[in-house]
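Next, two complexes with subunit A in common: one pairs it with subunit B, the other with subunit C.
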Partner chain A sequence: MFVEFKAGGHTRRKFLKSASAMAGLGLMGAHLPGRAAADGHVIKIGFLAPLTGPVAAWGKPGLDGCRIWAEWINAAGGINIGGKMHPVEFIGYDNEYDPAKARTGATKLIREDGVKFIMMLGGDTWPGVQPVAERTGMLFSTLLPSDLGPDTTTLIAPAEVHPIYNVTGVEWLAENKPELKTAVMCAQDDALGLPSVATYLAAFEAAGISMQHDPLLFDPATTDFAPVVTRLISDNPDIVCLDTCYSDYVHPITEQLFQQGYGGQIISCTADFYDQMIDRTSAEFLEGFVFQFPDFDDPALNQPFINFNDPNKFFEVYNERHPGEWGAVSWEYASIMDLWKSAAEGAGSAEPGDVLAAMTGDGTGAHAFGTAEWWGEDLFGINNALVGNWPVVVIEGGKARIKEYKSIPEWYAKHGELLKKHMSAYGQMWDQR
Partner chain B sequence: MIELLAQTGLNSLYAAAYLSLVAVGLVLIFGVMGVINFAHGELFMLGAYVVVALYSGFGVPYILVAAIGLIFVGCIGILMEFTIFRPLRDSPLGGLVASIGFLLIAQALVSMGFGVRMEHVPPVTQEVIVFSEKVRLPLQRLFVILAAVMFLSLLWIFLRRTRFGWALRASAQDAEAAALQGISIRQTSLIAMFVGAGLAGIAGVLTAPLISVGPHMGHAVIVAAFIVIIVGGIGSLEGAIVASVAYAFIHTIVTTFWDGVIADITGLSLMLLVLIVRPTGLFGTTDRA
Partner chain C sequence: MPSQLTRAGLWLLLICMLLAVPHGLSFSQQEILVFLTINVLVVTSYRLLALTGEWSLGHVVIMGVGAYASALASKELGIAVPVAMITGALTAALVAFGLSYPLFRMKGFYFLIGSFAAGEIIRLLWKRFRDPFGGPKGIKKIEPMPDFDIVIWRFDFFEPVSYYYFCLVVVGLSLWIMWRIEKSPLGLTFHAIHWQDKLAESAGINVRAYKTLAFVIASGFSGLAGALLAHYIGTINPNSFDLEQMVFVLTWTIVGGTATFFGPILGCAALVILNEIVLREFGFEQGRPLIYGFVLILSVLFLPRGLEGLLQDFTGALRGRGRQGSRQ
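Entry: the complex of A and B
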């Protein structure tokens, strides 16, 4: 099953209308010397991620974000390759988070559609795609750097270094709430949950926060979380850590914490659709909930070091089109496209090898949350992960707000050995996977 | 420790309640019609989506939604009987395969209608009965437990005290002999599908405000239900209820004191143990096994 559309899927009339509207708002004009008409051929970008099924929440919203990105870029004339302006078009393929379907999708996108770059969620689907990447030399991106290894030379993790950025939330808690001394954790037993468990364990140890008992792992098919929560809070922990649980777990676990009378600190990698969590618990209960993914209407995203075009407007447009669907990945794939566009324009070519060389050439990159470095050999066996600052987000008065940007490399410089120790214990180092 | 055990007991009762409803429906369909309905988890899912559509979407009172959910999913069961199981009556394997097809179609239709993301139903009530600081029972969970007891009691009365119930039991014991006595097998099949599907539907309706509702939510439930009916004895309603309670308590206790993955392994090991020691299940008979 695949979804295919031209950028925005709009008619000429609608396209002109939206372009005119944006021009009227002055959104694009301030950034462009002159509005050039696209005169080159269409550059196709593959979007190979789960668009349906249980993991679709980390694929589909990203495609929706890319749609907006493409409309904005095309309205501004397209991508400038060697002086010619090229419109961009996304070709979606629903891999349903299935490695075999991902492999079929990658082959189809390369052979039939002629894409120049393929964005993926990664994770369980990457092993299916890796042989295609090795055979074709196609440039792929993943949101999950645990896919990286010394052999994945054409795979980059330019948006998020999951789960390493989770250390910033724990570090912030330790600095701002030093009275919190004990923690417990639960996670689904899968490729997303386990490396995150290792990371949180390292972060808690680095922060001097002791674990009351081993992380409680549950089957990804779990629907009733009452027993999990009963166990978690049985010894009155100061902190309950929800690891990188899917939002389908974060919601019922949080609700159970509320119903079973927990009153302590909660920290989680994500809190997608947290407004619904508030509806099912209360704003008071979720006050102080720490996680890692901001709403893009946050004023803290308007600082000069942010490399994302008009985040507040992006959030507004996204919510107009997809009300209540803003999630952790809504902006991430679009931010990868910012990096790709910049590299392609710098290289004067959209060919995968040229773009990769331009992107990683000087060892740094313009990450959405500021300038970052290509990093990762220690943990992943290859420097293909873009790492820098990451925001710590806290729910205050029912609204997510960035409290601080914290440096992942600085944390790693101090506590890298701890992280490697816990990653090894959970079999998550690149040479163990 | 006493409080932890007490809370675990309450958690187990809730799990046993909704699992019993699903498993008893599955057993009823198998007992009367002789087909394994692989799409039974999807009937549970459809019940939950009735809540999403009517209660979340249009604010219809929850009690009314529960009644609608039961009848709607029961009617889906009748539709399945007409279109899938009746034409394939002489081919139990064909019915099983067709039910897998129905499963996929139901998931696809719900995905198209509601989208792929999980739905979070607003709580019907946030009231919690507080026995002590560490022992609490949310009212919604108590409602599920009481409703399960009520529906299973009504089913028992229906099967033991009504002519339709006698007909169902007769068909389950020996369809040919029942037909010779003038019992319409078509009619009993329709009743079994309506009741069995309705029980799965009401389980979905009852639990929808407590879990994430999604097109694939039936999978976990059907796996547990199959374990339960194998342990209880395929075709035995009493066995399904006893096994549901046993499975729910064991799974919940192991999850609480060890972890959920070990609990799943324990549940499957329990099934294997029963198959080795007593292949017909705890309450099963050799005829059906």
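Entry: the complex of A and C
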């Protein structure tokens, strides 16, 4: 099949057909999928993300959330495709945030397990998977829209438009704490940190907050953050911005800020496991900490425009099963599945092309935080990112609370050129990547 | 004569097995087979350096030098991929030659730390200079090996079986060259430097020159492995060649054993299959690092000569039984 006869060239459709036929016939050797796949009842969804290693915090909690989502959907009868109910099953593959392993995982999920859709964290792993996506036409999702480009036609970013939503936190700060005038920022020097740096710079500039010095980029292998923090707060800034640091950095940096006596405002993209940070510092120190990812027991998530099934119950079940593991991505992959389910049911098909067409057809989608639009040509070269409102979350009395939902498109309409300027300066526009 | 025939038969059997093996595997196992074949070249080249008694922590970074050089040569200069791969290997060898001057002023533990530092400097340069290295995100959309036809057969190098055969030829040839080196007077000199460097020096051997030669040759093959990797997955970044990957190479070498040519190959194959296939198959997806570590501790405790020692004991016992049988 691989070293093939000249006449037997592959087309996308043929490729997917033969893969599913092979899966159905059980010819996949040791990776034989469950028999249910062959009888057409179970719809399999791939979960290709780091489940071990330093980036696992943005993979494993998502898979745990998806399994709860699947239980609920299956308990309600499954996914309705063309009048027939199909249970759903998640197949995980640990890519260890390595592009080679991501390629292997994508191959397994598509050609052996016969999945209909693959969710990824993205980032460094996407370029390894992209040739597989191009060859097979499989629909993929990423949490990092910086993976998007004009040629990534089967890749969507439907949950979070990282790092663009970070502008909402800065905008909220400027409106609610206008006395804050100076900021500093640090970030790991990698694919996740740099676009976020550009975004925060644009947001601060738009808000009239001046940077005391250039963002401090540290090596991802850094473990001692004392000198980083000393340098950061040397000019006594009003705001310390932690960019999109991994939780392995957010925690020690926050501890250092506490130990070195910083008393100003902290803003960060994430604050995963913030209860642990409170344990190591104090509730008073973290009071007012601004970030972007809510706990789902927040009453503000029960508003009618929220497109996530019973968020409070989801949070409760999640914490019962995985105590202390709730993080930024615990709900995101499940919310992508809500969108996928709705599109598949609308299309009457689970085939990747049909679902993608149904999902993006009218230019809008039901994002977890309200109706949003498929957007992104300006920044990503393709309208495959779902953008709408995003919550601004603040720690109050030791608990994360949504303060306000703010519109990303509205901010972009006013300050889009600023964002493009800073993205270009950091080489993050799609044509520079 | 019969033993020569037996040996030829065994080689033929091995070649047939290597050609047939991907067809008995699943798609993802075929992908793993490609990476395993490339890793075999990495560990074997690592052993070539270890023959002189020096253990480096920069070998994977040197592999990265080959990957970056090959990727840039094909992407930026438009050089044909096979030629770019050779360019990658030569660049890695050249960089190793440059590094050898400061590094071989040290030996033993100091060389180990020096090689780590040199490797980190190279990695930081990749991160620092976005042009041409792509910074932390590395290089994407690296030219793949061009497909070609041989009579009625089409080699589509997106497919793991085609690329495996290509790697098999390249790696097989490389192993044969390294084997010939080890068995030549040059290899014996490497061994002499390892076990009695002062004695070798007193016999007129330029120890530093021979160590440099081993380092350069090993790095060239490591760079070739990097080039093979880069043109298959289509992307490389500085994290692909970090200390964690180096620890894997060290582990494969130690668990396999370094006394024989096949020791590190055995270690690499056994551990990759354990980690990437067996543990995943048995549903230990997330427990793999823990179990992998446990197996390593057990192997160090109970297999001090590595897996090659186990194999030698086994074949020794078979030979002994054969001799007993012929006497009776």
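Just a few scattered comments:
Keep this in mind: the second predicted complex is superposed on the first by the 393 of 433 C-alpha atoms of A that agree within 3 Å, B and C clash if a C-alpha of one lies under 4 Å from a C-alpha of the other, contacts with A are read in each partner's own complex, and residues count from 1 in each chain.
Definition applied: a residue touches a chain if its C-beta (ideal position, glycine included) is under 8 Å from a C-beta of that chain, and two chains touch if they have at least 3 such contacts.
Remember, it's a predicted structure, so these values are computed and weren't measured experimentally.
Contacts of A:P127 after superposition: subunit C is touched, whereas subunit B is not reached. Looking at the shared chain after the overlay, A:G137 reaches neither subunit B nor subunit C. Comparing subunit B with subunit C, more residues of subunit A are touched by C.
Of the two partner chains placed around the shared chain by superposition, subunit B and subunit C are both touched by A:D189.
Using the contact criterion defined above for the overlaid structures, shared-chain residue A:L51 touches subunit B and also reaches subunit C.
In the superposed model, A:D219 makes contact with both subunit B and subunit C. In the overlay built on the shared chain, the residue A:G114 is in contact with neither subunit B nor subunit C.
Of the two partner chains placed by superposition, subunit B and subunit C are both touched by A:K60.
With both structures placed on the common chain, the touch criterion links A:P99 to subunit C but leaves subunit B unconnected.
When both complexes are aligned on chain A by C-alpha atoms, subunit A residues 51-53, 60, 189, 219, 221 touch subunit B in the first and subunit C in the second.
In the complex of the two chains, the subunit B residues touching subunit A come out as 4, 7-8, 11, 14-15, 111, 116-118, 120, 122-123, 126, 128, 130, 133-134, 136, 138, 141, 207, 210-212, 214, 216-217, 219-221, 223, 251-253, 255-257, 259-261, 263-264. Remark: subunit A residues 51-54, 56-57, 60, 189, 216-219, 221-224, 226-228, 230-231, 234, 247-249, 251-252, 255, 259-261, 273, 276-277, 279-280, 325 touch subunit B in the complex.
Against subunit C, the residues of subunit A that register as touching in their complex are 1-6, 8-10, 28-31, 51-53, 60, 92-94, 97-101, 103-105, 107-108, 111-112, 124, 127-128, 130-131, 135, 189-191, 193-194, 219-221, 427, 433. On the side of subunit C, the complex with subunit A involves touching residues 22, 24-32, 35, 124, 127, 130, 135-138, 140-141, 144, 149, 152-156, 158-162, 165, 229, 233-235, 237, 239-240, 242, 276-277, 280-281, 285-286, 288-289.
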